[in-house]
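A, B, C, D and E label the chains in the order they appear, each numbered from 1.
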Amino acid sequence: MSGIGAALLNSLDIGLLLFIIAVGLNIVFGVLNIINFAHGALYMLGAYLAFTLINIAGMPFWAALLLAPIGVAILAVIIDRVLLRFIYSRDVADSLLLTFAILLIINESVRMIWGSGIHVVQPPQLLSGSVELLGSSVATYSLFVIVIGLLLLAGLWYLFNRTRVGRIMRAAALDRDMAEALCINTRMVVTGVFAFGAWLAAVGGVMAAPMRALDPGMGDKIIIESFIVVVIGGLGSFPGALLGAIILGLIHGFGGRYLPEVNLLLPFVGMALVLLFKPNGIMGKGASA
Amino acid sequence: MKTKVLMAILAVVIAGLIAVPWIASYFYVFIFTEILILGLFAASFNLIFGYTGMLSFGHAAFFGIGSYATALVLIHLEWPFLACLLVSMGASALLALMIGFLSVRLNEVYFAMLTLAFGMMVFAIAYQWRSVTNGSDGLAGFTLGSFGLGLDLTLANPSVYYHVVLAIVAIASVVLYVICRSSFGMILRAIRQNPERVSFAGLNVRTYRLVAFVIAGTFAGLAGGLIAPFLRVASPELLHWSMSAEPILMAILGGTGYFLGPFIGSAAFVLLETWITTYTESWMLVLGIILAMMVIFFRKGLLGTAIDWWMEVKK
Amino acid sequence: MKTTSIKKLMVAMTAAATLGTAGTSHAEDPIRIGGLYILSGSAATYGEFAQKGINLAVEEINSSGGILGRQVEMVYEDSQGKASVAIQAARKLVYSEGVDALVGLDSSGVAQGMVPTMPELQKPLIITHAATPDVTGNLCNPFTYRISVNVAQNMKAAALVAAETDATNWTTIGPDYAFGHQSWEFFGNYLKDIKPDVNLMSETNFPRFGAEDFTPFIDRVMDSDAEGVLISVWGGDLVNFIRQANTRGFFEKDLEVMFTVGAATEVLSALGDEMPEGVHLSTRYWYEAYDNAVNDRFVKAYIDAYGTPPSYNAEGAYAAIYAYKKAMETAGTTEGPAVAKALSGMSLEAPNGTVTFREGDHQAMVSPNWGVSGPMHPEHGIRTLTNLQIFDGEKVARTIEETGCKL
Amino acid sequence: MSNPVLTIANLTKRFGGVTAVSDINLEVMPKETIAIIGPNGAGKTTFYNMVSGRMQPTEGKIMLDGKDITGMPPHKISRLGVSRSFQINNIFPEMTVQENVEVVLSAYHGHSRKLFNIASRNTGIQQEAVEFLKRLGIDSLKQQRAEVISYGDKRLLEIAMVLATQPKLVLLDEPTAGMTPDETRRTTQLIKKLADSGDYTFMITEHDMDVVFNLADRILVMHRGEKLFAGTPEEVKNHPEVRVAYLGEEDDEAVEEANP
Amino acid sequence: MILDVRNIQTFYGESQALQGVTLQLEAGETVCILGRNGAGKSTTLKSIMGLTPPRSGEIIYDGKPVQGWPAHRIARAGIGYVPEDRRIFPGLTVRDNLDVASYQRKGSTARWTVDGILKKYEMLGERADQDGATLSGGQQQMLAVARSLMIQPRLLLLDEPNEGLAPVIVQQIGELIDDLSQTTTILFTDQSVRFALKHAQRAYILEKGQVVHEATSDELRSDQATQDRFLSVA
């Protein structure tokens, strides 16, 4: 039985990291109707910035967790102002293509700046051990990821439901014209939301850095996973993103253990099934066939 | 007058293409073979994207299945090449029918995501079904026998193979072109511009989208059948989603609004890659910048922009 | 009027098409060697290592008079780890860049696709990294050589190491593609031969390549009654694997753990002291394993130039350039078929000793290095290897019959 | 007496708790022009959407020529002979004016299933398309891209496309909305001419009362989803309840009753 | 003069909705725009608000030309807007619907606050924590008007405030307009002559995107011919 407990914890660990990464993708889609192909690249940037701050500048992990995402968010503002502003009024296909171009540019830039070697970041001393839980030892850092993921979920819920800024974002997403007529500068909301999505991607990157080796392909590895999370949970729904992330976490956690022959196939089967029967995702708005 | 000029240009281009092995350096035989095959792949994609308005992110599934089909037939049955291509087209048509049947009812993002999922499922199967597909290594080491139809062609000679590809791509392009210009093709263009109006004209839009999807898949399969002997390998990367991105980039680069756009895009893509990689390893960076510029400023692609420019000059 | 403009167009087209063609080679032109490595994406670090090794060799050779009195010039292409890309890139190197010889290949899949096309290109290829046995086996041909250790050699050595342990129940954790599966198959077969009473468990573990999270597989092995485990995960995946295994207490269990690519320097330097002590690590070349002048010079030059000890991949690439120097000077020409022929049966002094390309299959008779991870190196920031074992190259190689190569 | 083209019985549409269309009964006779009017929110568009198959009715029946078409998808209803125009332009912007009509014609004639007949060589359909453009007086624009012609001409093009399927019943949804007064006059005359030709049965919604009274043989007045009144234009003009609906003369007594 | 609209022409794509609309409002007035469906009433308000910027013509608010400004800037200048279909933000509570709109110009004190409104309009106060979308039509209308007050408007644009509402509610809306008109300039549209004449001092009649008649309420009340001609079915 210890196997199931361990697999469960492991699934949660994978799932909540995926949630942290994918929820930004989902918010950007929900509010801006943009499928951000470069989301994985922004996640990678977050991880590399954390590496630079921790291993090269010698800062503590906590400082990197604070600073790296801000750096990526600033870059996102530039991307928004220089490139994306041209395509907000166009159809989704254009945003897919433009963000794909941005992905290529960021990927190659990362390789030019940081080289192609494998880098690792140490978890902070406080979190580097492991604890006994559910009959198996679990890395303290994994628990930290789970906790941060849940905190982020709570924070997002609080932001969107209990703060004025969050409500303004929702209002702007629901009805841009009406929001404008109520003194809300929706153009700024758009930039802000894109930067916020990038910030979340980068938080995911910093969180991943102590458990995942950094290499210039790490963004590509995560982007399709993030799509799967978002599609399964429901485009534009962040509780959906959590559900999707946990489902994918379970597929990896249990699929790897009990169905290793098809563990490459399973996520895509899950994604296709959801799209076939609930195209808007399990928690998506107006789900219908 | 205008048609005459166009026909003359086309004739020169075709004559030039036929003459490639004699007028260009040997390497360009390979480059042009690749351009033609990828051009056909991109043109097949553009039937559903540029004409019908469906952004598929799984088109490589058909390209890949075509390459595996040809490779498998060559390895196990040693049939003539033409027969291999027919098997490739059949296999991809069948796969397109299955995927299309489930996918065409979804729109936009959902269609893109579902085709991505199906494409990656096919990739995962090819990657892991070692007994049939040889897993991650792919199928290699097959040799081309005869061409078929009693023609005595040394297919192993790259120049000969180039001419065979040129002939087949030319025939396939004419067929695709006729389909695009047919009443059916007109309906497809109408569906992209205004699907609802088409259904109010009494047509089942879903059926038309499916037929277009299957035709596109079949021609992608033909392109895949041509690429396997050219690359000497059928490997899983031909099925990967990043391979699905290539025809999208080519179609956009060349111009989705024109039949020849994807071919121009394929030529630009392959030549750019060849030339740029000579000077820098950061080819992806250059490609990213070019793509961003195309999407933002030249949405009509190279061909569209050139035609607009020409019209401007003539005025 | 019209004919003239068409003629002009034809001329222009021809000119454009001829662009980029290499001129015919003259004696004073440099000898060009094409390098085909992964230069982008997750595994780009391997291409970078090879380039570092090659650059050293080229600098040394050029500063001491070149090959046949001509300077050496490298031209690189990115294989992207894809066979389809690599084959077209090789054609570009040969037909457009006019290279005289090729080195390279990291991925086995790429090698499997590439190798059958070599006779068509009529240029020799020395594989410096890709380890699939087939390219010096049933896919062998007169133009293809390998200077690095292949899976069969490494697994034969691994079986010898494993046979000396007390473990009888063996399983594996390997990437879910050809390399992982092949490693396990060869290892199992050899081990069964040497020590018939071992038990090869049917419960094997093949996480997907690039999986990032290996915990489910680590747990599975820990829950099983395995006593020995062969781990062929490599690169960034291996770094992830070991860090995750540490947190699960995997190395505290009473297990014989063998990492088939564990002593790769990029992995060791990424991990530092997170690499546990007392596990079996292998690499295709360990920089402190050889006590000879060539190795001393190579290691010193490498550390001076790049600040880190050389990886196996850099060594293979470095030696390959010297192999071409010797072969071209033996043949007295850079003509592809002649150079290829000269390589067959040739021996050269490389950092890992005297290396001979066996005539029967063109595989270099080299040995993997197996050792046990020891204390941290005082300067290099990586684990040292203790109990180093270097096997006789002939002894760990398959027989020609076994390879299936008919040359 | 001929049979009605369209028979609508107890047609009702509810969205959640809101009843958008409530229990409408109507018979449309061949060759007549019937107008449907009513203030905003009266349910005209929902009514249209049900007849053309865009929405499924909650209750009731729609019969075309005695055949039950309730709940059929739009393309089937269109095949059976109901053709509609839309409030906003619904053409193919990147095609020429003539091609716009050809699309509809080839759908109607079944050419759309032919993969290998070059459309531009199909002279039969081309001539027919030009015929329809002539009928609407826009044949001189046939080679223009549809997106560049004037707004009024686009609406005429749409009517040409609607007519091209030889429909038993033509639904026009605010055919003169957004037109300049000049265009409105021209369009009204054209529709009048088509209606007088006796070839078509029209159902029209329109806010411009001049247009309505000019064209309609009968008028159905809807108010808050219900049929308020149906009759000839004269009757409608003089009907007190209709005046109330439009001018908003609330029954003051009713207000007081509800507000004791 | 607080608002001076001069000959504006507005298009939806190529469909011309306004064919040159001209109207003026003095500060403190309550004015109504009458007209049938599709006459251009809503478009006139949206054009003033900057939501469908006119292609030509001028809009002078408080002495400043505001055409071409983004809508939020026009709103910040003090024009409040209540759209035809109310457009309450679903999923946000009544209080939050008010809160997102709260805006205060620098150097001025806010006359309207969330708490102040919830207190003044009991109906909203009782439902402060209810999802705005679950309110009845009339309640939503109240909320929409209240929400527009949160930007501290000096001029309020109300688009068909009565549409689809029961008579008793219409009466309440009328009272609300009367109350607000004590302190705020109001421009509203309506299809109902009776209501308009009861609550506005002047009216413009729009037809086919043009002002076809302009009169004080008293004049129009006795002018049956004009009423019938422009507003009835006759």
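Everything below uses one rule, namely that a residue touches a chain if its C-beta (ideal position, glycine included) is under 8 Å from a C-beta of that chain, and two chains touch if they have at least 3 such contacts.
Everything numeric here is computed off the predicted structure, so don't read it as measured data.
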- Message: Using the touch definition from the top, what's the fewest steps needed to get from subunit C to subunit D?
- Response: 2
- Among the other chains, which touch subunit B and subunit E together? A, D
- Compare the CA centroid of subunit E with every other chain's and tell me the farthest one. C
- Item | Euclidean distance of C-alpha centroids - subunit B vs subunit D, Å | 43
- Note on the structure: Whole-angstrom distance, CA centroid of subunit C to CA centroid of subunit E, is 76
- Query: Distance-wise, how many Å sit between the C-alpha centres of subunit B and subunit C, to the nearest whole number?
  - Reply: 35
- Query: What residues in subunit B touch two or more of the other chains?
  - Reply: 127-128, 284
- Which residues belonging to subunit D are in contact with no fewer than two other chains? none
- Message: I need the residues of subunit A touching at least two other chains; which ones are they?
- Response: 107-108, 111, 264
- Got a list of which chains touch which? A-B, A-C, A-E, B-C, B-D, D-E
- Contacting residues of subunit E [partner subunit A, same complex]: 49-51, 70-72, 75-76, 81, 83, 87, 89-92, 96, 99-101, 103, 147-148, 150-151
- Per the touch rule, the subunit A residues reaching subunit E in their complex are 164, 167-168, 170-171, 174-175, 177-187
- Message: Per the contact definition, I'd like the list of subunit B residues that touch subunit A in the complex.
- Response: 55, 102, 106, 108-110, 112-114, 116-118, 120-121, 124-125, 127-128, 241, 245, 248, 252, 282, 284-285, 287-289, 291-292, 295-296, 299
- Residues on subunit C engaged by subunit B in the complex (per definition of touch): 2, 6, 9-10, 13-14, 17-18, 20-21, 39-40, 76-78, 82-85, 87-89, 91-92, 94-97, 108-109, 112-113, 116-117, 120, 132, 139, 176-179, 181, 209
- Note on the structure: Contacts from subunit D onto subunit B in the complex sit at residues 52, 73-76, 78-79, 83-84, 90-95, 99, 102-104, 106-108, 111-120, 122, 125, 161, 165
